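Next up: some structures, all given as structure tokens.
What follows is chain A paired twice: with chain B in the first complex and chain C in the second.
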Partner chain A sequence: MSSLAPVHPLVRDLRLLGVAFGYELRKVTAWRAGFVVRELMRSLWRPLVMIFVYRAILATPDARVGGFDFPTMVAYLILAASFEKLLFHQRGLDLADQIFQGYVTKYLTMPVRFFVLALGRFVQHVAVQASVVAILWIAGWALFPQWWPRPASASAALQAFGLVLLGSYCAFLVCFLVNVLAFWLEVVWTLSAMASFVFSFAAGVLVPVSAMPDGLAGTLRWLFPYWAVSAPGELFLGRLGTPDFVRGVLVLLAWIVALELLRQFLWRRGLRRHVGAGA
Partner chain B sequence: MNALLHHLRLAREFARVGVIRKSQFRVEFLTQVVMDTAWYLVHIATFEILFAHTDSLAGWSRAEVRVFLGFLFLSDAFWMIWLGQCWHFGRELKDGVLDSLRLRPGAPVFVYFFQRFSLEACINGAMALGWLLFALWDIPGALAPLGLLKLAWALTLAFWARTALSVGFTIAEFRAVNSDLSNLAWEVTMTLADRPVDVFPLRMRQLLTSLVPVAALSSLPAAFVLGRISALEAAAHSAWIFALGLGVFAWWRRSFRHYASALG
Partner chain C sequence: MSEVLIEVRGAGKRFRTWKRREGVRGFFANLFAREWTEVTALEGIELEIRRGEFVGLIGANGAGKTTLLKCVSGITPVSSGSARMFGCDSFELRDEHKRRLSMVMGQRSQLWWDLPAIDSFRLLREIYSIPKSDFDARVAAAAERLAVGDKLERQLRNLSLGERMKMEIIGAFLHEPDVVFLDEPTIGLDLVSRETIRRYLVEINRARGVTIVLTSHDMEDIEETCRRLVILRQGRVLFDGGLVDLKARVYERRAIEVHLEASSPGWDPAWEPLLAPFDARLERAAPLTLLFSVSAPAVQRFVPFLFERFAIRDLSIEHHPLDMIIRQIFQGRESGA
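Coming up: the complex of A and B.
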């Protein structure tokens, strides 16, 4: 009898989330070569190549860029590469293709919320990338102990990880929003790519935001990319403290609320004008 | 000579079709121009910020890095104008839609890689050229007749290297289908090409100027125009990269002979 009892919508969504997560995980690991290329190596290159650039700039022991000496900059770039891997990636969502090809129509007739399926992909992304980052960190500590970053404290590491997770959710919402624009535009990959360039710069993946000119750095501190990569890196290294963490959480939560409202608005408006003949 | 003219006529047709396609997708036209402009601005801003902390980057001054960025932007624009199709190669190989390539009127390498002409990238190419000329303005003699000759040579080298690398990376897809290896190789290549090659250690520099001539996309052409390497050195690099390109095209053709699909 209990199986026939009405299920609370939240419980139903959570069950669906679990199923979607399992499905996405199987799908992403189905192609082994592709899995290694796409999931293990993604987002590593740019910060790591910057190590060579900073080696050229910070050649003398007293040279500094924004207060960073060379070993601290290496630690920061390793953190930036790790955190960027945890952020939801534009290629992680193919919603725009589904809209273009009319596949999205089938989800509208199913008794599930489409967003939960996309959320399943977000959970899969974070779970896979967190595992990859953990493996990389174990290898890094074993192979390069003198260069690998060490947290200022356990709470600093936890605070940094918390900010990265919230930032990753913001990145996921932005990806979803850009994809939803496919209801109105013929092509959205250019917008995704542009968002990616701007994000990398604003997040301080290549140059720490604290090394940027004051006016620019002050502006970027109001945007979520800074709190998703640069600030967690500085928190981890002890260059920022708990008050900064609190400010970061507030900024990220405000962004999540704003992006979520915009997502719901655009999704509803988009569905109203969607036509998927034959799909 | 006849073959060259034939392929130039094909290129003209690809350009004509590309212009017609873009006249239908006007928003795409605008967003791609804006996207590449954002890419340029991020690069310029990154190096300008770095030069606020230093006077020299591995021996390159601020003015020289601006020239380097000009070559990077212009070779990227060439890639976007003509070689955008290479981005889709892995998927199309997996889907088995390359059969018709065997029947098309030209060398498969040329017909496949040059088929997607991008009009919007021409706008970005004009912007990149503007930036390069602005950067060269500060370099004595760079815009004199001899300097312009060196500029033409350097650009030819950059464009040839782009084509050879674009084709070369896709060969990996024949070996590991649906691996995204060619796109990953591009991602890594572009990351390495984004910085003057002199920032890397010696062994890496040797690799990037020989077997995987990433330096020929931006560093070597800029170094030649700036007089950081001699004409003889530039000639040696050019001869090697030209031969490497021919070898890559031959290797691609051989790999393509083994291509089979359900329809093939």
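Coming up: the complex of A and C.
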């Protein structure tokens, strides 16, 4: 037996999270030719297309879409694309495959909470994508200074970043939940694709939520995607203020609690069902 | 007597599965009215494994070997009876118990494909809270013993199957577990790798008194490592005893392989009753090769019988191979339970 030092479970989980983060970081960066190029290019084509679409819609200087003129819309699209990159997505988690192939049961024989290892993947994703976004922004400021968004204030930028991080954690929990459905379903990727489409729309990646019809926008403001992309974008540009930030934090925390409870419930039920079937 | 680490009493495992129906109607029927069937994977299993034992668990595909490993290791609960390890219900093991066990599934690599094994070991070090100095010493010793010391930093995908399995074995023993479950660890490996892994397992079992439960379809694995054998057939224990006991049966019988001349008549099923006086059985009949299992005292009378009926080119008499005995047990022709 290994020699064991008595450590509080939370401390142990945090230490394991640190190691899992490093492990995941090496996994995603090691021996992957074109990793940087791929990460830099991913998610860029959509805002580029939308910039041309809005160029056509906002052709005249006084034309507006939901209060956005063309330069503000370009700034918003850049922000939305940047924030979307920071959000956890389905490609980042291969849990469904692990469930299908029966690997996940191995962790039941280990003194570890599987979720901590998955959390390492989340931390890695945010760290890597934050680096990629930082590179993009440095290049953007250097190449397109007149178009690239500038924060209304340092506080607005921090508030926006805070909301994006909380929103990314919500997205991670949703990804985890969709993957956990593999305990019951055989094809999870279709659900992932559908969830991704709904998420893009609700987050205002293509059209700012505030530019949508009032009824729809009012509904989307209760959902976490809006507070993960659209609202941080408008906060950054100074179109929303601190009261909106506070409301966003409360909405996102409520979502995190609800998703976390659902995650724990589905994980336990799924695992019991999985091993009950002899997997 | 050494401490009992694994205790299985009257354990059974059943699970439900549903029959998939095809077509559009079948799709809706599958959604709303599934046809469930219950599969019995294990039934009435009685097993007691003590500290330091090296137990071979064998059986045909679907016999319940892996299910039994999963029940005992706490991956899946038993449906009836009990499975206990370290004195606790296996399915309710706490972290301090899980630190004492390990599992290797030969067909499911636990190490990350894109990373060197040493990176996966570092994650295991954190999971099992292994002090760094112990970790470094154990990795170095095991890697040297298994001749993969220069492969630790190499990406797993660039290692051979045998090297990857050696890395799995190193990972399994890193935290010095008391009980290790090995599910077909030598599957698909070449002769040299199999030998190296077997020797390592035997050494570690003897040196540290680790309890090892091994499943394998390779009888050489079993013969060279295990002192005790548990044979499963259709979810039941058919034989549980020392390998020596089973080998004693090997010496009770002989395998006679007969190679026929091209001009020789082949085997005629009508001759089956003629074998009874020799306590002989036809094990295999190819056009020009026959394999008989004969009781040892009857060999002297049986050989002339063969020469009377066939034009024989060559004939060999050997001890009954262990796998022939096992096959007979699988087929229900012998029962030693």
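Throughout what follows, the second predicted complex is superposed on the first by the 263 of 279 C-alpha atoms of A that agree within 3 Å, B and C clash if a C-alpha of one lies under 4 Å from a C-alpha of the other, contacts with A are read in each partner's own complex, and residues count from 1 in each chain.
Keep in mind that, in the parts below, a contact is a pair of C-beta atoms (placed from the backbone, for glycine too) under 8 Å apart; a residue touches a chain by one contact, two chains touch by 3 or more.
Just so you know, these numbers come straight off a predicted model, no measurement behind them.
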{"item": "Touched partner set for A:Ala20, first chain B, second chain C, both or neither", "value": "second"}
{"item": "Partner chain in contact with A:Arg247 - chain B first, chain C second, else both or neither", "value": "neither"}
{"item": "Partner chain(s) touched by A:Tyr103 [first = chain B, second = chain C, both, neither]", "value": "second"}
{"item": "Which of chain B and chain C A:Pro111 touches, first, second, both or neither", "value": "second"}
{"item": "Touched partner set for A:Arg221, first chain B, second chain C, both or neither", "value": "neither"}
{"item": "Touching partner for A:Phe52 - first (chain B), second (chain C), both, neither", "value": "first"}
{"item": "Overlapping contact positions on chain A, where the chain C interface meets the chain B interface", "value": "31"}
{"item": "Complex contact set, residues of chain B against chain A", "value": "25, 27-28, 31-32, 34-35, 38-39, 42, 45-46, 49-50, 52-54, 57-58, 176, 178-181, 184, 187-188, 191-192, 194-195, 198-201"}
{"item": "Contacting residues of chain C [partner chain A, same complex]", "value": "13, 15-17, 39, 41, 67, 70, 73-77, 95-96, 98-103, 105, 108, 110, 112, 114-115, 119-120, 122-123, 125-131, 134, 155, 175-178"}
{"item": "Interfacial residue positions of chain A with respect to chain B in the complex", "value": "31, 33-34, 37-38, 41, 45-46, 49, 52-53, 55-57, 63-66, 185-187, 190-191, 193-194, 197-198, 200-201, 206-207, 211-213"}
{"item": "Contacting residues of chain A [partner chain C, same complex]", "value": "1-5, 7, 12, 15-16, 19-20, 23, 26-27, 30-32, 101-103, 105-106, 108-112, 275-279"}
